[in-house]
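I'd like to ask some things about the structure below.
Order of writing sets the chain letters: A, B, C and D. Residues in each chain are counted from 1.
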């Protein structure tokens, strides 16, 4: 019997290549929200300074989103590097993850334009939540289907999962801080991201 | 004799890389139609909620197009994974397929902006039809030229072809539903796509 | 002595990957000139038909540019597939080629907007000429530096060069036809491209 | 103990692929600032000539930025080609480098629109400086962690570092020339870039 689904979506390299491409485009599109001010409105250096000062929130959100995508890119490639192969279901879960990657420039744009609105923050956090949830599902699926490399210890397998849950709990707490105001939320989310990027790691959470 | 055409376009990896790149850009460009509302027109959270509600059709069409591209990306990579090499003609057929991939953001944009017009739906369906037709031709060409891996059973070879024909018949039926209205068409097309993405598969068509 | 230039730019795979990426983005950006009409100006199916009819020249130019990029992509990959390695100078020549690839969406945009102006046609042809000239230089450089695979016959080596010269002569003749009008030029250029894409090849030029 | 950080970010190929993707998108986005003039404002060939003459500064800045990105792309790939593997910290440093790559279309856009303003030039130079600093850090990090291929001579290792410092000193001198005017700065920066692209190299600096 010719069952297409048995041979579809097995190639890990193609998933990696598509993912790298989508991350590359999404990361670069983030910058499209940083438009140079309109030349007609600027008459001197001081005018240009003011115009650039006006886009400082967008620049901050741009860096935050780039780091977000960087964290999830490393997370996904760590998973893919530790698989033996893929199948059609796992490929679709990675595509689910990637659709949320492509949404990041939109939620970043929204966040930069409406930085003082809770709704913009919740959309942005929702995007991070969905990225984390999709990455959790890809890993669960890979483990359930025995697609993970046998040499990976079960402690490490569990570590990947736990890491996602803790990170998402911190992001959720950060989002909840918007009951105070959105700047508190943003500040906390940036702190969490710094923890995942830099040593000597605050909270010691990266040891997990 | 120095015949350029004998050595042109043989490299499967380059076709895969170009395809992954084009799919990655097209998938990410889809989101460009989702623009954040203009900041000057929004004065409170309620205004932002209304503005976001206005782009719900675009979001639906965005997800539909992402799934469409995902289905065709898996379809193409399944073909490419099962070839031994390419030649100049097959490469041009894959480029034909890719030109319709690059048109998807345009027809998606049109569909999102004119969701109640039959013409927009027909353009969108025409795009899907051309993607399917091109993928059918690439496979026919690969089989005719004996570029398919010998270990692939002829049942599977035929399965790939049949799968495209059935999917396209369903899409055509969905497009025809626009004699009722375009929302019927869209709903049916989404159902067909769900069948190709999710288990436990409606209609049992994925068994083919 | 630590001479950076001895170790810089040797990696053929990276040149291929950057090239595939740039071609993928350029090919997909072509479609950005095809904007869906503004929703506010369209009130019925007939209005939409008219609006779509207005962008027919852009669609034609879009397909022409996609084919142009396809021809040059195959031309470049055929060269890269037949090299043993690269060096810093050859890498810079490939970057020169790639800069003209990135200019293609601009000259296409110009051509689509000013299809009746000779200047737009000359800019477009200039772009094709520079693409051809750069590809000629990369091949000359690769041959002069003995970077071509030894198993490639010298007849084939000369064939690659001759092919570029003949194609460029035809394009130049086509551009010269703009003394009659720009539609003659475009028509002839499209014919030349068809010759390079389809069998059974008009003029028999593809045998060279 | 399942320590995620031990297995994260080790894959050099994925860093290369993401980098090639980001460079490809950034290089191609540069051209987006070159918009075809608005059709409604142009009535004859002379009008089109004038409109194209108006974007000459943008075209110059476009080429300059493409060369800048080319220089840094070669610089990064030379590093990556000479590593045995990566780790999480080095991967984050490469992401830091890449964030400045994605900023290049923005600073180019700013430079093209405000070519006579010192601030625009300083932002542009700041971008180059940050690219150089990040590339310096990636190399330092790779050497400190013994990730460099053992066959690379220590003279070459030092050469890569020295090269970055000299280039950055020249760029800084160029930027300082803006106390005269911005065209002096731009002219000097273009000269420095030519030195890095072409033989027979002015200043003899490329021998280092």
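We adopt the following convention: contacts are C-beta pairs under 8 Å (C-beta built on N, C-alpha and C of every residue); 3 or more make two chains touch, one makes a residue touch a chain.
The structure displayed is predicted, hence computed values, not measured ones.
Please identify each chain that touches chain A as well as chain C.
Chains touching both chain A and chain C: B, D.
List every chain that touches both chain B and chain D.
Expected: A, C.
Compare the two sides of the chain C and chain D interface and say whether they are made mostly of the same residue numbers, over half shared, or of different ones.
different
Find the chain most remote from chain B, comparing centres computed as mean CA coordinates.
D
Nearest 5 degrees, what's the C-alpha rotation angle taking chain B to chain C?
Rotation angle between the two copies comes out at 90 degrees.
Let me have the rounded angstrom distance from the C-alpha centre of chain A over to the C-alpha centre of chain D, please.
Taking the mean C-alpha position of each chain, the two centres sit 25 Å apart.
Which positions in chain D are in touch with at least two other chains?
17, 20-21, 24-25, 29
Which of the residues in chain A come into contact with chain B in the complex?
My answer: residues 1-5, 7-11, 14, 17-18, 20-22, 24-26, 29, 88-89, 91-92, 95, 98-99, 102-103, 105-106, 109-110, 112-114, 117-120, 123.
What residues of chain D sit close enough to touch chain B in their complex?
21, 24-25
Looking at the complex, which residues from chain A come into contact with chain D?
Checking each residue of chain A against chain D gives 16-17, 20-21, 23-25, 27-32, 34-37, 39, 42, 45, 48-49, 52, 63, 66, 70, 73-75, 77-78, 81-82, 152-160, 162-163, 197, 199, 206-208.
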